[in-house]
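Worksheet: the structure to be examined is printed underneath.
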Amino acid sequence: MAVFLENNRGLLLAYDQGLEHGPTDFNERNVDPAFIMELAAAGRFNGVVFQKGLAEKYYDGRVPLVLKVNGKTNLVKGEPVSRQICSVDHASKIGAKAVGYTIYAGSAHESIMLEEFGRIQEEAHKLKMAAIAWIYPRGEAIKNDTAPEIIAYAARTGLEVGADAVKIKYTGDVESFKWAVRSAGKTRVFMSGGPKAPSEADFLKQVRGCLDAGAAGVAVGRNVWQSLDPLRMARVLRSLVIEDRSVEEALRA
Amino acid sequence: MAVFLENNRGLLLAYDQGLEHGPTDFNERNVDPAFIMELAAAGRFNGVVFQKGLAEKYYDGRVPLVLKVNGKTNLVKGEPVSRQICSVDHASKIGAKAVGYTIYAGSAHESIMLEEFGRIQEEAHKLKMAAIAWIYPRGEAIKNDTAPEIIAYAARTGLEVGADAVKIKYTGDVESFKWAVRSAGKTRVFMSGGPKAPSEADFLKQVRGCLDAGAAGVAVGRNVWQSLDPLRMARVLRSLVIEDRSVEEALRA
Amino acid sequence: MAVFLENNRGLLLAYDQGLEHGPTDFNERNVDPAFIMELAAAGRFNGVVFQKGLAEKYYDGRVPLVLKVNGKTNLVKGEPVSRQICSVDHASKIGAKAVGYTIYAGSAHESIMLEEFGRIQEEAHKLKMAAIAWIYPRGEAIKNDTAPEIIAYAARTGLEVGADAVKIKYTGDVESFKWAVRSAGKTRVFMSGGPKAPSEADFLKQVRGCLDAGAAGVAVGRNVWQSLDPLRMARVLRSLVIEDRSVEEALRA
Amino acid sequence: MAVFLENNRGLLLAYDQGLEHGPTDFNERNVDPAFIMELAAAGRFNGVVFQKGLAEKYYDGRVPLVLKVNGKTNLVKGEPVSRQICSVDHASKIGAKAVGYTIYAGSAHESIMLEEFGRIQEEAHKLKMAAIAWIYPRGEAIKNDTAPEIIAYAARTGLEVGADAVKIKYTGDVESFKWAVRSAGKTRVFMSGGPKAPSEADFLKQVRGCLDAGAAGVAVGRNVWQSLDPLRMARVLRSLVIEDRSVEEALRA
Amino acid sequence: MAVFLENNRGLLLAYDQGLEHGPTDFNERNVDPAFIMELAAAGRFNGVVFQKGLAEKYYDGRVPLVLKVNGKTNLVKGEPVSRQICSVDHASKIGAKAVGYTIYAGSAHESIMLEEFGRIQEEAHKLKMAAIAWIYPRGEAIKNDTAPEIIAYAARTGLEVGADAVKIKYTGDVESFKWAVRSAGKTRVFMSGGPKAPSEADFLKQVRGCLDAGAAGVAVGRNVWQSLDPLRMARVLRSLVIEDRSVEEALRA
């Protein structure tokens, strides 16, 4: 994970929404992966998250690459399942420094994803890549996917299955997120940026809350590239995450 | 993909309907794959699409081959799934320059096809073949499979999973198809010809619309080989697609 | 396929009913595979169809062997599926010149069988064996499994998936079966003999009809070995199929 | 199979009930596999049937070993399925001279077991081991699992799939069992001992009936080791099966 | 198993609850795997049970390692299934002396787990590691998962499938547990500690009962690390299990 960290913190630019949500998340500008690649470099992100198709055609090496190796569309109904669509070997050849994999804990198909991640984690480590688990409790059995005990369970699952880092949603308050971070032990915790927050300040407070709770950083997508000035947002986030400033200080950056 | 392009455009002759729909699509003449092979060559198509059985018995090398490596009959009810029936290695030995694979995005079995395409794409690239994804959103969850946001999602899925080209249906208007093409980024977009249009002019307007929206070309089957004069239709389409003429000019060709 | 043909026609003795239907199809005499092996040789059949258990214990090489490599009992309810139970390599070692595989087109499990046949066909060809597809549309979606368009679809499926020969049921009339044969292209068509016909003449007329429609031959089981004089029936069929005689001439043979 | 035969007959001691039924089948004495191993040797059985756990810890080589390579508990409801839990290679290393495998013909999962047995049979023969199929028609579709036509079908299935011997239940009368034996052809038929019979005489008559019908022997468990004097029962059975005596003679043995 | 035994008894510290139950089982102190590792060493346990993530990041070799190689969250509804998430080879490289695997006997997915354990057991033995089966009857078909006949069945299943040791729940009384131990034969029986007992004395009586019934030891988690003085509890358990003292003596230790 060291390659993704700066002052022991990491700011990742997430851009796997094209497969997970479709282009409805995009506008004329951010629909273009080249724009995102530029933004990742200019915004001095510590990593950029791509599916293999984007990495093969747009990745240029200026920022460490997290290759998302599974994925699904959101057109499918029923219990979620997301399988491997990029081999670890291929990820390595494209230049990835980490593989990312989503586990829908609680899904009726959970065991398929746990098993697949188990194999991928071992392959990644053999090739000196980190293994990052996106852990999203989902399925009929999950009533509230940001409930503190659910998020702490997600964080712990990341630790138990051998993830170097786990990407989880925010619980909404520092105290409960502290418990999630503690549950993750030596596995680093990244907050999942999620949908664009109502206001910039709201989002930054969430990020600050995660950091105060002990998170290593944030993997942010829509709250950066859907903002009117993505580069400024990147600068503010760097100030907050990497330089560990307050929301107020960061906004003045 | 270069082998399939001319003036950066491509006109592919699709003939995988024998498995997908059965011979009801055919007449006495076009039921014969030899007729299609002749048509592909005489019509100067940039590629011809066959299942392995046809390629093994009828393909003669005059036109680049796209080997369709998965398929299903339309006799099966329920959520669609189509699995690999030709190995990439075999496709290469038959002389294919690309493999084609259908993904039914939105199907309950989507994850099986995404996973299989992921592996096939890597194998194809290792053997210097292109990987073309037919992406057809289908299944209980899909109400309208040519809705602009659905087609844009299909196009984007092609890009995300690493397809060199994506074959999708037309949305019906240039503006919305532009968004699909933009969503596909560096993945080339081919319009799926679909069932025979009510009139030749209708079909040609669709093709022109796709091209105006930025598509690389069209993969056409029934609208050519079901026409009364397939060779003339091929000539008209070449004029439209490869020489970039208007519908009116093309019809005079 | 050449090894199974004589005058470009083939007469195969089918004996895979032991697994597919159970011994209710048999009497004291024909329950014995040794009797069938004798009959195949004495009746000068162009091939004999066995499951591996029979081939291992009774096959003696006097007649080319088609090894049926998948199978199921008829005790199972629900959508049919039949998986591989003999490896292609083993079939070759036993002395088979072809592998046979049943695909239940239209079954909810169709994709499993298409995929398996795809792999088996490639393996068989590598070992210089032919691949023969039994294509039987079946399952909830199939109302009438001898409807002309269904049989033509079955025939075409055999061609598309790369079968050297396809075994299908008779449609009931020459004209519609011609279309099935035409749909199969260069894939040779064998009529499936089916249950014992009400009269010998009825059965022979069916066979004659298939041949007139362009079929390469017939794979017959019950109509031979359930007849009172199987050897005579074999002689009649040879006359009809291989010597291309009329029903009347054949009956005089 | 020769290693399991004496006078062309075989008497196998079955002891796979621990997994299939649980210890409710056992008493303080026969719960101990060491007791069974002693009994197998002292009773001069022609083979003993163990799961791998028992074979690894208790088998001592005095009697040829049939290693049962699949199994299930009877706690599971629904259509039965039993998968491989011991590799053929491992069975060979433990010293087995045959592998045993249960196929629940008629189960919705039948195809899984037929496929698995198909592979196991080939592996076993390569390692010079016999392949014995336990064929038990079961599942929603099976109304009476000892009906003559069902048992004959089970026997024939063993032949078709290449089993060296098949273990089936008794039909209840000699005539119908003769048909089952005839249906099995060169595959040797062993009667499955089944639950302890109401009286010793009842059981011995069943065994005699099977032998009179042409069976090669019996695989007996509960009727031996649940009897008050297992060794005497073994002696009686040897007399009946191997020395081909009448029930009355055997009882005097 | 010898490495885990002392006076032929074993006291294992179980800590796989993070994945199986989530952090709700933990407090601020025991949520930290480092605390558990210390406790394992200071408490002189004969083994510690970790998932691979914990072993990779916290295991230091002071106590023999049992690596749990499958797992699931308790968020999933329906018939339980738990698949392999750590390869046996990887477990060995991390330093494990045994692999642990949970089989939900009676689950509709039982056959998947029996099959997987079968393969894992063979791999583990090849690498000189023990194979320990957690056997928990569960699923719609199981009304009472500590009923004596159910626990005896679980114990026997461990023996049949080749486990070196089996971890099962207590039946509640010595007599019935004796039958379970006897059913397990040469497979060593460990009581599963289960949820924190109402009182320390209650728990110790259970452990004493298991030992009196012939168990080799206990795999205890919550009753140690949820206790107010885990180290004292460890000392008491050692006295009870390893030194074979009475509850009263042990409590004075």
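Should a chain be cited, it is by its letter among A, B, C, D and E, assigned in written order, with residues numbered from 1 in that chain.
Note that a contact is a pair of C-beta atoms (placed from the backbone, for glycine too) under 8 Å apart; a residue touches a chain by one contact, two chains touch by 3 or more.
Note that this is a predicted model, so its numbers are computed, not measured.
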Common touching chains of chain D and chain A
E
Chains in contact with chain C and with chain E: which ones?
D
Looking only at residue numbers at the chain C/chain D interface, is the share used by both copies over half or under half? Answer same or different.
different
Can you report the angle of the rotation that maps chain A onto chain E, using C-alpha atoms only, to the nearest 5 degrees?
70
Approximate Å spacing (C-alpha centroids) for the pair chain B, chain E
56
Taking each chain's centre as the mean of its CA atoms, chain D sits from chain E at a distance in Å of 35
Pull out every residue in chain E that's touching 2 or more other chains.
none
Residues of chain D touching chain C in the complex:
105-108, 110-112, 114-115, 117-119, 122, 137, 139-142, 149-150, 152-153, 155-163, 179, 182-183, 185-187
In the complex, the residues of chain C that touch chain D are 16, 18-19, 22-24, 26, 28, 31-33, 51-54, 56-58, 71-73, 75-78, 81-87, 90
